[in-house]
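The following pair of complexes shares a single chain, chain A, combined with chain B in the former and chain C in the latter.
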Partner chain A sequence: MKVPEILNRLKKEKPEICASISPECALSIELDGDSLLAAAAFLRDDEELSFDFLNCLFAVDCVDHLEVLYILHSYKLNHEVTLRVKLDRDSPEVESLSSLYQGADWHEREAFDLFGVTFIHHPDLRRILMPDDWKGYPMRRDYVHENLIRRPESS
Partner chain B sequence: MAIADRIPAYVEKLPFGSVLLTRTDELLGLARSSSLWYLLYGLACCAIELMATGASRYDFDRLGMMFRATPRQVDLMIVAGTVTLKMAPRLKRIYEQMAEPRYVIAMGGCASNGGPFYYDSYSVLKGVDKIIPVDVYIPGCAPRPEALLEGCLTLMEKIKKERKLSQHHEGTGDSEPS
Partner chain C sequence: MHDIEEFYLNMGPQHPSTHGVLKLVLKMDGEEVVEIKPEIGFLHRSLEKIAENRTYHQYIPYTDRLDYVTSMTSNLVYVTAVEKLAGIAVPRRAELIRIIMAELNRIASHLLWLGAISLETGATTPFLYVFREREYILDLFEMTCGARLTYNYMRIGGVSQDLPPGFREKAGDFLAYFRPCIKEYEDLLINNIIFQQRTRGIGVLPLDTAISYGVTGPSLRASGLRWDLRKNRPYSLYQEMEFEVPVRSSGDTLDRVLVRIEEMKQSCSIIEQAIEKLRKGEVRTPGISMNLRPPEGEVFVRTESPRGEIGCYIRSDGSPKPWRIKFRTPSFSHVSVLPHVLKGLLIADLVVAAGSFDIVLPETDR
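So, the complex of A and B:
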């Protein structure tokens, strides 16, 4: 099933969910953070969609806001969709998908570790790559660290 | 006599055999440099070259070098690869577990000064010499086995020139006549 059809089905069956095709990428559906969990549960459990696999989950720093992207795949029907959630940069919070997809656990810990996104109701939200006592979130664009030396501009 | 060919020595032939007179430092230097057991500290792609050097084509064994997987049995630590800040305290601790005299080779750009990760990296240690003393640096990314062998031979020459015993006696005032 193509992405617009997936969106139409989602809107038809779950009219309360606020979703649209992302202006940045026609293959992704932009969602409101509050409706993410309900939308993902529908996408997973609906017979005609059957997104049974969370392929990937990652965060992006868009300078004025953060985004979390979820790539869902269906082994059963062999189609794919990307979900995008825009988050506030100062207090990025979104519901955890680990109750729906077990694999979300470590992906969400990585996004927390490197971007500082807080996943609500995550079973074990702590750093996964950086040392436990690390300060700050290194993949953010405004990150500074004593060990981080910027490459000089070439003349 | 093979040993007398390799270090300055006076040999007196006697009816029941021979007596060899030499400096203790020379003898220790020869012994230490001829059986450098090294710690496998492979952290990245340099470890592949390190393994190739240990295998049959380049054959570390012919230099008396054998790999060990524990710091307690080694004389030399070959840091082969990128040392992250997370790895750094572990590396220091393993170095401290090695018995003296101990030597360190920083293999490749990453271990020497951060290499390709010197700029724009928050997580890479800018050279292993920030935390432990280094005897020999080998440039390259990654250095070929020939370069690693050259580095090891350089270290062997360095060990042979060491005068640790006589320096120790001079330092304590318990000096031997020179």
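So, the complex of A and C:
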């Protein structure tokens, strides 16, 4: 199934979910943070969609907001979709998907570790790649560290 | 009966059998493992952060370090993603060379892993055999690009240089030499009763758990799903190649071994076909700027590495440096499933079962 069809089915079956084709990329569906869990559960359990595999999830810093992207794939139907949730940069919070996909656990810890995204109802949200006592979120664009030197722009 | 207290055991990060710097905190009841907590990050170099400060071309050598056991496939996923983002076509000859290199590297990676797992089951000799065979592949790489481990061979729009004279013959010689070697491994190691007893029924990973945790590649196929990106969502020129996707059903350590052994045979056949299809031609699209500026946008590309599915996400803001790069690496998911698979095993079996996932730590930690 192509992404617009997936979106149509999602909107038809779950009218309360706030979703649209993301303007950034035609291959992704943009969701409201509050409806993420319900939408993901529907995408996984619906017979015609059956997205059984969460390929990965990760955050992107867009300076004025953070985005979390979820790459979903269906082994059964061989189609994929990207979900996009935009979050406030100062208090990024979104529902954890670890109750649906066990693999989400570590990916969410990584997004927390590097970007400071808080995943609500995550079973064990702590740093994973950086040391436990690390200060700050290194993958944010405004992160500063004495060892991080920006190269001058080449012409 | 005595009351036996449970105790904690730190396995790693410096431990000969953890395949790199992996730390497993084990809760033990005598010899039995009650609980496992993996800790990663010891090799975290923040490759994704470094990307923000490099041009698209400059970043290629960093992808070598993503997974040094199979640099060619990490090169491949990155350049494929950039090409898709920037809309760059790749000459046919370059695509075929890439497939030859990726498959040779797949064999080299599986060989290294086979050597490691044979050591873990107590068989020392096969370790020396597989290194002997791997050497032939490294020689082929060396004559092609000058390096034996971190190749930096692929380029955006092709490969750095054409195959050297004599490559075709040498690769043919290698395949003729190597095929009987696989039979030898089967006779000496795989069919050995001790090896079978050490691996059969150990570390069983059911299919639904594997999918839920995002386990991919040979480990997923050993659990019973016939899924290979090269076959099911072909990239490069894999749609032209004829090969089988080996699959097993029980998901134990032995099945993970057998799937990889079978994959080496299939890779031999793919290399043969790709060499057969090689015609004279360009190996690199000309006219790609050193300060390549892909249009604003994003891309996510998935390819099949020897360990499983490796994905590369790139977002461009139209400048010569990528805004964000993210690698989805198979070993990351494989380490996360370990607590589930290894629970209840004896400590000696734990080492074998964990090794059968072919975990490579630089790829996990990035």
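Note that the second predicted complex is superposed on the first by the 151 of 155 C-alpha atoms of A that agree within 3 Å, B and C clash if a C-alpha of one lies under 4 Å from a C-alpha of the other, contacts with A are read in each partner's own complex, and residues count from 1 in each chain.
Quick note on the criterion: a contact is a pair of C-beta atoms (placed from the backbone, for glycine too) under 8 Å apart; a residue touches a chain by one contact, two chains touch by 3 or more.
Model, not experiment: these values are computed from the prediction.
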Chain C versus chain B on the shared chain A, clash or fit after superposition: fit
Touching partner for A:138 - first (chain B), second (chain C), both, neither: both
Chain B versus chain C as contact partner of A:147, first or second or both or neither: first
Partner chain(s) touched by A:106 [first = chain B, second = chain C, both, neither]: second
After the two structures are overlaid on chain A, angle v-u-w for chain B, chain A, chain C in degrees (C-alpha centres, nearest 10): 40
Broader residue contact with chain A after superposition on the shared chain, chain B or chain C: C
Touching partner for A:61 - first (chain B), second (chain C), both, neither: second
Overlay on chain A, chain C to chain B nearest C-alpha distance, Å: 6
Intersection of chain A interface sets (partners chain B, chain C): 130-131, 138, 148, 150-151
Interface residues, chain A side, partner chain B - complex: 130-131, 138, 143, 145, 147-151
Complex contacts: residues of chain A adjacent to chain C: 24-25, 52-56, 58, 60-61, 69, 71, 75, 78, 82, 101-103, 105-107, 114, 127-131, 138-139, 141, 148, 150-151, 153-155
Chain B residues touching chain A - in the complex, by the definition given at the top: 85-86, 118-126
Contact set on chain C toward chain A in their complex: 40-41, 44, 46, 48-49, 52-55, 209, 211-214, 225, 227, 232-233, 291, 297-298, 300, 302, 309, 311, 313, 315, 320, 323-324, 326, 328, 332-333, 335-337, 340, 365-366
